[in-house]
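This is the structure I have questions about; it appears just below.
The letters A, B, C, D and E name the chains in turn, as written, and every chain counts its residues from 1.
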Amino acid sequence: MFKKSLNTEDTLENAGLTVEEQQLFSNARPQAYEPYPIKAVEDFANWARANSLWILAFGTGCGAIEMRPLMTARFDANRFGVAGRPTPRQSSVFVIGGYASVKTLKRIVRSYEQMQGPKFVIALGICPVNGGMYFDSYNTVNRFDQYLPVDLYITGCMPRPEVLVAGIMELQKMIKAGKCNGANRYVDNFDWYKANQKKVIKNWDMPDYNW
Amino acid sequence: MNEKTLNTMLEKLKQEFDISDIVEHKPRLTTFTVSKQHAETLIRELRDREAYTHLNFMTCIDYIEDGIFSLVYMLHNYGKKHSLGVHVNISRNGEEVFSIHTLWAQAWTYQRELREMYGIRFTDSPRLDEDFCLEGWDQIPPMRREFDTKKFSHERFGHREGRSSEVPREHMKVQLYPNRGGDEE
Amino acid sequence: MIYQSLGEWFDKIGNFSLTLLIVTVYGLLMGAFIERIIAKVQGRIGIPYKQPFINVLKNIFKRTAISHGIMFYLGPVFRIAGGIGTLAFIPVIFGSETFSNFSTAGDLFLVIYFMFFGQLGMALGAGESGHPYSAIGVARGLSQMTAYEVPFALAVVAIVLQYGTLSINDIVAAQQGGWQHWTMVTNWPATLAAMLAFLGMTGYSPFDIFLAPQEIPIGPPTEFHSAYLGLLQLNRALFGATKLILFMNLFFGGATGWPELMLKTWLIYMVAIVVGVAFPRYRVDQGIRFFFKLPTLIGIMSIIYVQMVLTA
Amino acid sequence: MSLRDLLSPFYVWQRAFEKPYTTKRPTLDRPGAPAYRGFHINITETCVGCGSCHTICQNHAIDMVAVDEYVGRDGDSGLRPRFDYGRCCWCGLCVDICTAGSLRMSNEYAWISEDPGDFHFTAGIDDKPWQENALGYRRAEGYHLYPPKRITMPMLPVEESVNTFDEVVRGYDKEQAKKEADRCVECGICVATCPAHMDVPDYIHSIRDGDYEKGLQLMYRTNPFPATCGRICTRRCESVCPVGILGEPVAIRWLKRFIVDQVDKKDYPRILNEPIGESDFKVAIIGAGPGGLSAAYYLRQQGHAVTVYESRASAGGMLRYGVPSYRLPDVELDKDIEHILAIGVDIKYDTEIGRDISFETLLEDNDAIFMSTGLSVPSSMRIHGEDHPRVLSGLQVLADVASGRDPGIGKKIAVIGGGNVAMDAARVSRRLGADVTLLYRRRISDMPADDEEIDESQAEGVVIVQQAIPVEVLDADGTERVCIKWGEAKMVDDPKGGRPRPVLQEDRMHTETYDCIISAIGQSSDLGYLSSEVQDQLAIEWGRFKPVEYQHTMMEKVFVGGDFANRTADAISAIEDGHHAARGINRFLNPDAFIKAEMQDE
Amino acid sequence: MTSLNRHTLTGHSAALDFSQPEPVDLSSGKYVKLWQGPQHPGITGNMSLELTLEGDTIIGCKTHVGYLHRGFEKLMERRTFIQNFTVVCRIAVPEPTFNEYLYSHAVEELSGIEIPDRAVWLRTLNLELMRLASFLMWIGGQSGAFGMYTVPNWTLSHRDFVLDLFEEMTGARIYHMYIVPGGVRAGLPEGFEKRARDVMDSTEKMLGQVERVMFNNAVTKARSRGLGIIDPEMIDPYGIVGPNARACGVARDLRKDEPYLAYDQLDFDIITGHDCDAYGRAWQRLQETRQSIDLIRQCLDRMPVDGPFQADMPNVLHWKVPAGETYVKAECTRGEYGYYMVTDGSEYVRRVHVRGPSYTHAIAVMERLAVGCNIADIAGLMVSLHTYPPEIER
């Protein structure tokens, strides 16, 4: 149904793919999330979303090390409606565990785009904010918000599990208030994000938007 | 390691191979430089004859001012608890080097890394051109000393704005004694 | 049973809807309760009781932007149809007209058919998703299912022979009059075989390889999301509870009221949990080998037991 | 598959009946450990803004930003660290290196924000909840990232020093100097405090590099008296050195001396090799003290014809006649002066203005005049009998000794005063074989003299009597000797909050007889060579000048500097006055070039 | 041992064929190519495996690393010696302390600094606590990889108790930055010893439970016995070190062979096993965890209570280390961890090479052991080699 966009003017080039591959992947643009027309329904949906945060199990950097205590008995994030989810399709929260190397960034973009909206991004640690420890490294990006929209930053190196819990609570508040619209920002500024991504990911051999 | 046995071994090796710059850094570590022609045989001999059976690591040092790469093979003898660092100097300009992937199973990984990080080619080393750490790298190999990682990072990744800093000394000069100190004209 | 009028049909459907609702809610609650028990063993607190409901709601509110084809959509529908179908032919409360559903003379066969139907439908949907892990999960799931169905089928055959009927209602009726009449007592080999098969059926360790996140992220539903996943979750609750009710009816004397049902099903479920938290998971080949050995043997034994001891 | 392997796993259920591991309220119940490295705290009052934290931070997470509140404080750069929590890794190196000990970390660790631009703050200035936290990481006792203690200076032992005019301080050897130079954190706060604004961190750096010639060049950029200042400078730089806040300050003076000691005098022209400019202007300088010679040195570099008029037989002023040679040997002073003269400065000795040549003539013959005649008249004690022949002035005694004359002080003397001149007089007298008692109005801790001077003089046997106010000088009947009557003083706190004032206690009087009394309570200027009209024009207050910009006076062509024109009255200030006057004179003589240069700067 | 030496000396056993597997024809439909990772819960850290399957059996495995490459060795060349000490701990995230120690040790060796006795003991204690924490996480990981989620919850909680000790001792949970060139940053806080002993006691008790439920477990045994057997002949040619080698019966432990810090004063024996399959390696590590608890207790017993914990240091702001070259190593949980450092007399290091044991274990060894495995066992196998990707790519 969504395989090909019918609107020929508004399709993506998918220039990184071979001709055969272009047949396999969609070239449609992402679509922004429209809230339900009835506010009460949207509020209720947001309440449900906030209380059921499924985190994509992708340890992109150092941050993964504090995810383990968070998800296990000591801090038991399950109490707060948080659960780990191994596949992006079912996850609603992407936790960027600190720095993102260029090679990982490509996978992060892919995984993020495969997540179904509404989706939220939490950036852990200092590295996504301004490069942090690796501000001068040739292989890690410095400002993560150039590449993907981030809803919440938690500073620290590493942020402790307690702060993660606090961050999750904060995220829940924001979702309930309907303020977490990073995914829509991504859609609205899609070309800008894509240009930034392509500026650092030099071997772009995937579709421009990974459904 | 017993100093006498070590010296005997080194003497013996010296007769057979073109070895120079022998330095004993500590009782358990000696390094020397060997010419490229003899290096492969020497390393094989060390492994098979002198029981330096463990390859601790293999790496490279960039002496950009001398125009050479110094390859380092760190071999370890478990029996004598002694390590030997074998330096092999090669030119920085794309000189091809023998491969030791037939001697140790992990050697090709090191060689793949060195190809990527320094641009050194190892003859017949398997999977040499596969990406190791980098992906889509379009600059000179990053571990070469002329590669300025900070500049590169700044240009490609940028930094968040809103930062500025003063140097105390300059700041105080401007603030407190703008016309004084140092050469005025 | 043949219904006399359309009005009776409507009554029946209304009653079934109520049952469906109660069983689903009960299944979700039980899920949370079991999660909390597992959490206790793991030294933590665990999810709130409302969590399964929120999860389902959230998934239904999530939007979808992908498609893998028509079968992909139908997978979860088949799956929940299987769950509903299974429940539809099981009398939930013995002696209650309201909660007897569409139970009829040959319902045991129908039930077993529906149990397969959901799985197969799901397999088709997951297969269409194109994800290799889904395919691996489906392959594992189906082969494991084939394996545990053998002792289960044998046990069912044993009790059918024992009670001489294919109606679940009749089987439950035969077990009334005290615990000494339960199949568990009268035909313990069949119960044992069925309970071993039950371990495989619930999808807890050691027989959860087909959805093992450590190896094949989540297994068959890897690509399912949003409302599809919501349906799958609902079905998991519904189907899980239904299976428990079936086991309760077949082996543990059925229930004459909701409290009895809840207690019995919970205890049956706990069998899988008690084992589940204590063991890692078997590889699929090891799992199949397991079911083909002892449980199958016991299943065969149970038929022999029925033939030699009970009917003799 | 043994039975044990089947049953043993069920032990897991044991755990179900124990307390969970879970922390009930993770965000509330778990503050950081007492020594947790959380968010930064800065006690901004203590911080001096040295920027060591900025230097050591490997992530460039610390900016030094100006905080208006602290601009202009002595020994304070007016900057405070601002942290970027998009960079900081909480390693705590900044805390470890913090020279003032003002930086620390709280045990607070939670900061969540939607805006990545949020994570900046100036600790202690921006209001953050953790600023008052009592817990958190502090540098441990006994843990240092730079040596807190100074390298001990080799000194002549007291037994020897008291008998000789040889230099007491022996100077560092290369190893010691390198170690001492290593302690510098290169903040440059001293540069601002130093009246001459010498490039202290740079020349210390050159010691570490072993490049003494570069060090010498750097010193001559702002100070043509390095050998002298390396010995007798009042070193206000060391008083503000941040290293000294928690430890001992870097021995900046001794390091300066060390550089000069390493360079032979005959290499000076080659090393310094000052370019001499082209100019037709003539400048006259009155007084060959540090101020005058400094002005001469920098003016000469511009190519002006510089003539220095000196009333005595040698150049150096107070440095030669006021500073004893055990502190500053003549040969070292000559090292400086000879180099200044060597670049073409003309000097006329034994030429007194007003006697040999009139001020007006000078004014007429020259394009500019720099006056630096210092404070040469001893102040009066304002007590009865102070004109007794056995009451000598400290300056006179020192000048006599410097010129090789016997001051004739006798065997038992009293010195009155607590400044450096008093100390010098006392110690010189000890070396001449006298028993010395030093009377001072206030407490030892109030003395304006250098602490080192006080300690050394005491070690050499000078008896210091504190809180002793001289009341009257009396004849010792029938002898060549002299009596002094003094009373004990009580320290009374100043209700206005100033320093405590000594108040004479009339009932506690002492009278003692001495061979002579040396009065050293201060000096004033002698401006007798200026006619009263000129004095009026120059707007002199209390015998001191108040120069306007660039040491310029109210009179065209006339610039002043040195002790009689500044408040600090020490050699280094005089040197800077000379240097600054040289700038002013250049600007005055050649305004166009100056304006152009200033515009280029902008 | 004797047979091992004979083989490794000649090095031409049939088992030691290092050649790469032939590429297969994927279009034939007989094989499946499957990527595991980097976004995959069954992978340790952030790396990926490119698997070629024939049915359920793996016939080819390629490891792909570099997702965590930050270029440490380059970054260290442009930071001063003191600045580097804060960087190095990030190289191996779950086990930062070994990096801190080795880096500091290399710098001290090159600049001739002798650290005081108390610092030696504090470092030893710190390293052993780290070993314990790391092993606890590993036991959880191994158990989780086989699908038993009870044990990870226990061990990770206890690891967290050890992290609490670290937090008290060093001021941070993960990146301690405690061992600094010249010594350590602080002594032990008040009451630390008692709390440490309490944690040791409870951890020991928990390990007993883990042994009962995880090691004496029919399913664990079914899964791990015979999985990923390391042939003793492989050890030297593949550079296998640490517990992976010791589980084969090779008694090599740097703590004993080339004692560093206070290990020559501690009382312990090298633990060896006899079969190096996944179960044997797990058993080996369980024993070493217990040994580590014992060593921590010994450290606490013999810890000097006062005295300096830092050597006399030059001003670190412009610290120049004399030209030299050294290779220092220590026994971390995975085996020989080494720092090769070359200095040229300037304020910056000329070259640092970090040798992490995972470099061989996760690539050469993994690629070899994976062949012939069941796809379901890959996660278990991967974990049983105990590899940390960040130290491979640095």
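Please note the rule applied: a residue touches a chain if its C-beta (ideal position, glycine included) is under 8 Å from a C-beta of that chain, and two chains touch if they have at least 3 such contacts.
All figures in this text were calculated on a predicted structure; none of them were measured in a lab.
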Common contacts of chain C and chain D? A, E
Computed over C-alpha atoms, the centroid farthest from that of chain C is that of chain D
Chain with Cα centroid nearest the overall Cα mean is chain E
If chain centres are mean C-alpha positions, then the most distant from chain A is chain D
Gap in Å, rounded to a whole number, between the CA centres of chain C and chain B: 62
Separation of chain A from chain B, taking each centre as the mean of its C-alpha atoms, in whole Å: 38
Which integer distance in Å separates the CA centroid of chain A from that of chain D? 59
Whole-Å gap between the CA centroids of chain C and chain E: 45
Two-or-more-chain contact residues of chain E, please, as numbers and ranges. 40-41, 66, 69, 71, 74-75, 78, 87, 150, 153-154, 157, 160, 175, 213-214, 217-219, 222
In chain C, what residues contact two or more other chains? 39, 41-45, 213, 217, 277-279
Contacts with two or more other chains occur in chain B at residues 133-135, 142, 147, 149-150, 160
Listed by label, touching pairs are A-B, A-C, A-D, A-E, B-D, B-E, C-D, C-E, D-E
Please name which positions on chain B make contact with chain E in the complex. 23, 25-26, 28-29, 31, 47-48, 51, 53-57, 59, 61-62, 72, 74, 78-79, 81, 83, 85, 101-106, 108-110, 126-127, 131-135, 142-143, 145, 147, 149-150
Listed in rising order, chain E residues that touch chain C in their complex are 32, 34, 40-42, 56, 143-150, 153-154, 157, 213-214, 217-220, 222-223, 374-379
Tell me, which parts of chain B touch chain A in their complex? 133-139, 142, 147, 149-150, 152-154, 156-160
Which positions of chain D touch chain C when the two form their complex? 9-13, 15-16, 18, 20-22
Contact set on chain A toward chain E in their complex: 56-62, 64-66, 68-69, 72-74, 84, 86, 88, 99, 101, 103-104, 107, 111, 133-134, 136-140, 157-158, 160
